[in-house]
Amino acid sequence: MAQRELLSGLPVDWQKLKTMYYYMVLSRKLDERMWILNRQGKASFVISCQGQEGAQVGVALAMDPSVDWITPYYRDLAVVLVFGMTPREVMLGFLAKRDDPSSGGRQMPAHYGHRAKHIMTGSSPVTTQVAHAAGLALTMKLRGLPGIAASFLGEGSTSQGEFHESLNFAAVHKLPLIVVVENNGYAISVPQIHQMAVVNVADKASGYGIPGVVVQGSDPLAVYEATMAARERALRGEGPTLIEAKTYRYTPHSSDDDDKTYRSRGELMREKADDPIVVFRNWLMTQKQWDDQQENTLLKKVREVVDDATDYAEQAPYPDPSTLMDHVYYSPRA
Amino acid sequence: MAKVKLTPELLKEIYYYMALSRALDDRMWILNRQGRAPVVYSANGHEATQVGAAMALNRGEDWIVPYYRDLAMVIAYGETPREVMLHLLGRADDPNSGGRQMPAHWGLKRRHIMTTGSVVATQDVHAAGLALASKVLKDGRVSLASFGEGSTSQGEFHEALNFASVHKLPVIFLNENNGYAISVPARKQMAIMDVAARAQGYGIPGVIVDGNDPIKVYEVTQEAAERARRGEGPTLIEAKTYRFVPHSSDDDDRAYRSREEVAEWKKRDPVITFEKRLIDEKVMTQDELKAMQQRIKDEVNDATDFAEKAPLPDPSTLGRYVYAE
Amino acid sequence: MAVMSYLEAIRETLRQELRRDSRIIIYGEDVGVRGGVFRVTEGLQKEFGEDRVIDSPLAEAAIVGTAIGAAINGLRPIPEIQFADFIFPAINQIVEEAARIRYRSNGEFGVPLVIRAPFGGGVHGALYHSQSVEAFFAHVPGLKVVIPGTPYDAKGLLASAVEDEDPVLYFEHKAAYRSLKGEVPEERYLIPIGKADLKRSGKDVSIITYGLMVSYALKAAETLEKEGISVEILDLRSIRPLDVEMILDTARKTGKVLVVHEDNLTGGVGGEISALIAEHALFDLDAPIRRLAGPDVPAMPYSPPLEHAFMITSDKITEAARDLAKF
Amino acid sequence: MAEVVLMPQLGESVTEGTIGQWLKKVGDEVEKYESLLEVMTDKVNAEVPAPVGGIVSKILVEEGQTVEVGTPICEIAGAEEEVESGTSSLQEGSQARPSSESKPSPAATGTEQVQQATRGGESETSEQGDSLRGRYSPAVRRLASENHINPDTITGTGAKGRVTRQDILKAVSEHRQGASEETRSVSAEPQAQPTKPSASAPSVSAAEMPVLQGAPAVIDPEDEIVPLASVRKVIAERMVRSKTTVPHAWLMMEVDVSGLVALRDRVKDEFKAKEGVSLTYVPFMLRAVVQALKAVPEMNVQWNGDSIVMKKRINIGMASATDRGLVVPVIKNADEKSIVGLAKASQDLVRRARTGRLTMDDLTGGTFTVDNTGAIGTVLTYPIINAPEVGIITMESIVKRPVVVQDMVAIRSMMNICISFDHRAVDGAEAGKFVRLVKENLEAIGPSTSIY
C-alpha cells in the first residue's frame, strides 16, 4: 500500500517517488554503460542525459503516456524510459540494430521515436520538434482528444526561429502544449551568456502572453509540480506553458566532444554536488523512505537490466543492407 | 551625436516629406488604376512613423533596411521622387533594382538604404549584420530595420533580436504596427497586446510610441540611436499606426476591415493633423503651406513625366549582375 | 613545403586570411572557445579576439542573415554552419537573399561572403550528420559552390572564395579532414573558382568527380592500372560554375565517362555533367555515360551495413570503371 | 584464446589515436568494462575500457605512439568465463564477430547484398541485349564514317562483341598502312588502269565530302596517281571548309626584332647547355602572341554560328610540317608558361609530331594558331584560318634591311608578321590592335630581357 503524506502542499505518493528514483538511476546507469561501449569501440556515438535526470523524470511522470505525446530531444533518455521505451529498445537503437524501434538503425543514437508509446520521431537539427509538438497539440485541440503534447529542448535551441514561431503559434491558438527547456548552461561549448541576453529562458514567455516558470532541475518534485500545473492549464484550454528547468550536464556534449576546452573542472565538481540522484536519495533517506539495503537491491536490479539490455542488443542482428531503399516512400506494412 | 533641436526648419522638413510621400502615393494609385503601374504598395497612414524615424538618424550615413511600406522613409532618406517613379514603372534607370523587383522593394546604396526582398523579416537579420560590421569596424553607424507586426511571427525576427541583444549591436528594430498583416488582425498574429512586450525576452528596451505623431517617433528613435551608439545594444520600438488603404493595389480591405474602423483612424490622419499643428503653432503660414504644396505637386508631375519617358531596360541585360562584373 | 591534413590546410588558410585582411570575421556555433566541433577554427579566437571569431547563438538563419548585412557594411564574413545538414534553416537567407541581392539591386549591392560547412558521410553520422547538399545550391544562379578534394586545393580555393565578390559555399568533407594529407605551400595562392583539375591522365575511361571521391577515384585508378586499364580523373573542384571545357575535353578524349558523387543520384551534379556531354560531345561517346552516386534514399543511415551500402567506396568506383572500360 | 583489442574510433572524422597511457601492464588482470588505457585524439581524450575480462597478455603499441583506428593495440588472454558460457545461439553470435562488432567490414556484410542495395543508385549499363554486334556508339559511327570503314567488318573486343572506339582506331591505322602499300603498287605499275584508284574510293565519300569535289584532274598516261591518305583528306576537307565558309581578312606589320636577335645571340649557347634544347625565336613569338591575346581577348574566341565562344584558356596551336602532312599540335595553357617552358613545350611537340607520337590530346583544344612560315624562307604569307578559331598569325623570315630610324638609315633585323582573321567574329580594329601588340611585345625585347 502506498503511503500518502502531504509535502509542501503536494499530495505525495511514496511509491511514485520511488518510481521516480528508479528511473533516474536506471537512465544514469544505462547512460554510463553506453560510454563504456563507446570507448571500447563498439558504438561510435553517445550523447548523454547525465545530470538532467531529475528534470526529465519530473516532467515525464507528471504526464499520462496513454493520452499525451512527447517530442523529446537527444538528451531525453530518462523521459523516453518513463514513457515506456525499454532498456533493450534503447540499446538496440544505441547499437544500430535491425529491431531498433526508433529508426531501424538508420539514425544516430538518442534520436528517439516510438509511435506506440507516443514518442514522436526526432532529428538532429534542433528545435524542429517544438513546432511538431505544437502541431500534435493542435490536433488534440481540433479533434477534442484528451491529452497534451510536451516538447523538450536545450536552452541553445531557444535561439532558433522555430522556438519563437512555435510558441507564438501555440499561444495564439491556446494549444495544449508544454515546452520544457532543459537549461544546462551550454550549447555544446557556447555558454548561455553568448546565447541570450536574459538570465531566464522563462522570461521569453511574456513575449507570447503565456506563463513562464523556472524550476530547479535537480529537484524532480518541483519539476513534477510545475508540470502538473501546466498540464492542467493546457487541458483546461488555457494554452501553453514554458517551463525552464535549470540543470547541468555532467558529460561532454557527446562522445565526440571534449568539454575541458570550455568548462573548468572546478565548475563541473561544484555542479556535481547538486547531482539530482544523490540529492533525491538523501532526501528519501531523511524521510525514512529509503535505506542502504533498498539501495543495494535497486542497484543490483538496475545492473541486471542494463547487462541484459547490453547483451541482448549486442547479439541482435544488424539491418540487412538490402533494406537500404525501404521506407523512402509509403508502403503498406507487412 | 548631440540631440538635434526641433527647429522650425526641421519641423517643416518633416511635414514636407510626409506630404510628398502622400502625394506620390496618391499618384501611384492613379497610375495603377490607369493600367500604367502594375502594382502599388502604400505608406499611406504610416508617414509620421517613417519620416519621424528617418529624420532622427544620420541620414545617408546610418543604414536603414526598410520594408515595402516605407515610401516616406526612403524619400526622407534621400531617394528622389523621380527615382521612386522610375522604380514604380520598372525603368532601366530605377536605382533600386534596374526594373527587376516589384515596386516598393527599396535599395539605394548611395544613401545607405539596403536592398530588400519580398520574404518578410529577412531584413531584421540584415540590420543586425550591418550593425555587427559597425561594431567591429567602429564606424559609429546605427542600423534601423523596419517591419510590420505580422513579420514578428517569423523566426528571423526572434533570431535577429536575440543575436543583436547578445552582442549589444547598434541596431534599432522599428515595428510599424498597423494592426493587420494583409487581412490577419494582430490578435490572430500574437497572444499579446503589444509587440514591444517581446523586448523583455531579449533583455532590451521595448518602447511603444504613437506612430501618428512624427515628433514622438523622432524622439524615441533618437534616444534608441544614442543608446546604440553608446554600445548599449538594440531597442525595439513599436509605433502604433494604421494604413488607410488596402495592403496593395491587388487587395480589397473591405473583406476584413469595417469602414467605420477606417474612418475612425482617418480622424487622426498624420499628414492632416501635423499640417494643422504647424499652422496652429505658427511654424508655417497658410501661404508658405500653399507654396510647399504647389512645389510637391510640381515634383510629383515632373517625376511621373520623367519616368514615363524614361527607357525600359534592354532585354539583353537579363543575364547581367548574376555575379560581380 | 609542409605536409598538412585537409583540416589543417583550411585552418591555416583561415589564419592567413584573418591576418591578411582585418575585414574578415568568422562566426558560427562553437567556433570560438571550442575551436569548432571539428577543431577547424581551433586557436583562432585566441589569436584574433572575440570580435573577429565570434560564438554565435544557435540560429542558422541569423548566422547567414547577419553575415549578409555585415558583408554589405564592409566586412568579409566567413560564417560556419556546423554541419551542412543544418543549413536548411538558413536556406531562405542563402537562396532568397544572398543569391538574389546583386541581381535584384541591378548590381548595386553585392554579398561577398564564404559559408563554410562540413558535409558528407561514411563517419557514422547518420541522417543528419552525413548529408551532401551541394546540388541544392548548385541549382541557384548567384551562388558559387566549391568542394576541394586535396589539402592543396583546400587552401587555394578558400583564398579565392574569400576574395570573391559573391557568395561562395565552401563545403568540406568530414571524412577528408584528417584522412587526407598533402603538401601545402606556405605562401598564399589562388585557385580560380570554376577551373577543374586533371588529377590523373589516362586514355580508357574518364572519372569526373569532386571532394573526397577524388582520392577514392585515384585509388581505384591505381588498382585498374595494374589490370591494364588507363583511367583519367577530372577533379571538378567547383560545382558551380562548372568547368565545361575540361569536362568536354576529357569526355572527348576517352569517350567513356563515369561521374561519381556521394550526393543522391537524381537531380545531382552528375545529371548536369551527363547532359553537357550529351549536348556537346555526343559523337565522341563510346559508351553510355555512367553515374555512380548515392542511392535515392533521403539521407545516409547510421547502422554500419546500411551506411556501407549507401557510401561510395573506392571498390565501388573500381568496379564501375572496370565495367565501363570493358564495354 | 586471446582477445585482440583494436584502436577505437573516438569521434566523427577521427582516423587515428595516440596511446596516452596504459592503465594495465602485461600480466595485469582486467575486468570487462574496466579502464584499460588512455587514448588521445585531436578531438577527444578518453579512457578506453576493456572489451572482455582476462589477463593483459601483450601490449602491441607503446605509449606515445599514434596508430590508425582499427589497429590491434593489445591482447587479453583467458577471456572471462561468461563469454564462453552463453547459450549456444548466443555463442554463435559472439564468435562470428569477435571484437569489432559495430564495424563489420564490407566483406562481412556480403558484397552481393551491398551491390543489390546500391544498384538503384547507378545507371544500368549492363542491362543490354545478348549481343551488341551491329549496335554502334556515336564515336564509332563517326570514326567509321570519317575513315570510310564499315564497322561490320571489324572484330569487336568490347562487351558482348561490341566494336569499341579503340577497335575502330586500330582499324584506321591498319587501313592507312594498307593505303600506303597500295600507293607503292600503283606507282610501280604506271600502266595499270588510271581510273582504278579513284573508282575504288568509297562511294560514300563524294556525298559526305562535297568539298573535295572540284574540277576533275586531267590524267595523262605517264602521271602517277596517289590515293589520298586519310590525313590528307582531313587536311583538304578542313582547308576547303575554312576557306569557303570563313571570310578571311588579312593584314601584315613589320617588326624590328634587332633586340630579340641580340638577346638570342647572347644567351643561346648557355641556354642549350643548361636547358638541353635550342633557343629559337618561336617561344618569343609565342609569348608575344599570348600576351597580346590576354590584352585582346576578342581574338581568343571561336565562331559558333549564332554566338561567339570566349575561350578561357589560351591554347596555342603551332602549325608544323611533317612528312605525313600538316599537323597543328597545341600548347595547352600557354599563358602559364615562361619562355623556357614555351621553348620546351614547342620543341617537344615538334619532335613528337615528326616522329608520329602525337596524341589526340595534343591535337585538340587550340584557341589560336601560330605558324612559323619564316622557317621555309617566306617574307609574306596568307595563311588559312584553323576554324573554328578566328585567327592565325605567321612569323616570317628575319632579314637585315636598311630602315629609317630617327631620320637615319640603319641596318636592322626585320621580320614581317601576317595575320588572317575571321571577319565575322573580329573586325580590323581588334585584329590590328592585336597585331600591333604582338609587334610591340617583340620590339620591347632587348639584349638584357630575362628569359626566365
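To keep things simple, chains are lettered A, B, C and D as they appear, and every chain counts its residues starting from 1.
Note that in this section a contact is a pair of C-beta atoms (placed from the backbone, for glycine too) under 8 Å apart; a residue touches a chain by one contact, two chains touch by 3 or more.
This structure is a prediction, so every number in the text was calculated from the model and none was measured.
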Original post:
Greatest Cα-centroid separation from subunit C: which chain?
Top reply: B
Original post:
Hey, how far is the Cα centre of subunit A from the one of subunit B, in Å?
Top reply: 46
Original post:
What is the distance in Å between the mean C-alpha positions of subunit B and subunit D?
Top reply: 59
Original post:
Approximately how many whole Å separate the CA-defined centres of subunit B and subunit C?
Top reply: 41
**OP:** Check each residue of subunit C and list the ones that touch at least two other chains.
**Re:** 56-57, 59, 61-62, 89, 124-125, 129, 295-296, 304-305, 308-310
Original post:
What residues in subunit B touch two or more of the other chains?
Top reply: 155-156, 159, 162-163, 166
**OP:** Pull out every residue in subunit A that's touching 2 or more other chains.
**Re:** 44-45, 96, 159-162, 194-196, 256-257, 318, 320-321, 323-325
Original post:
Which pairs of chains touch each other?
Top reply: A-B, A-C, A-D, B-C, C-D
Subject >> Residues of subunit A defined as touching subunit C within the complex >> reply: 44-45, 96-98, 100, 103-109, 111, 123-126, 156-157, 159-162, 187-190, 194-196, 256-257, 261-262, 318-321, 323-325, 328
Original post:
Which of the residues in subunit D end up touching subunit A in this complex?
Top reply: 6-12, 33, 43-51, 86, 90, 93-94, 99-104, 109-110, 113-114, 116-118, 120
Subject >> Of all residues in subunit D, those that touch subunit C in their complex >> reply: 9, 12-16, 42-43, 102-104, 106, 109, 113-114, 117-118, 120-123, 125-126, 137-142, 158-159, 162, 164-166, 311-313, 360-361, 364-365
Original post:
Taking the complex as given, what residues does subunit A use to touch subunit B?
Top reply: 159-165, 168-169, 171-172, 174, 193-198, 203-210, 239
Original post:
Across the complex, what residues on subunit B touch subunit A?
Top reply: 153-159, 162-163, 165-166, 168, 187-192, 197-204, 233
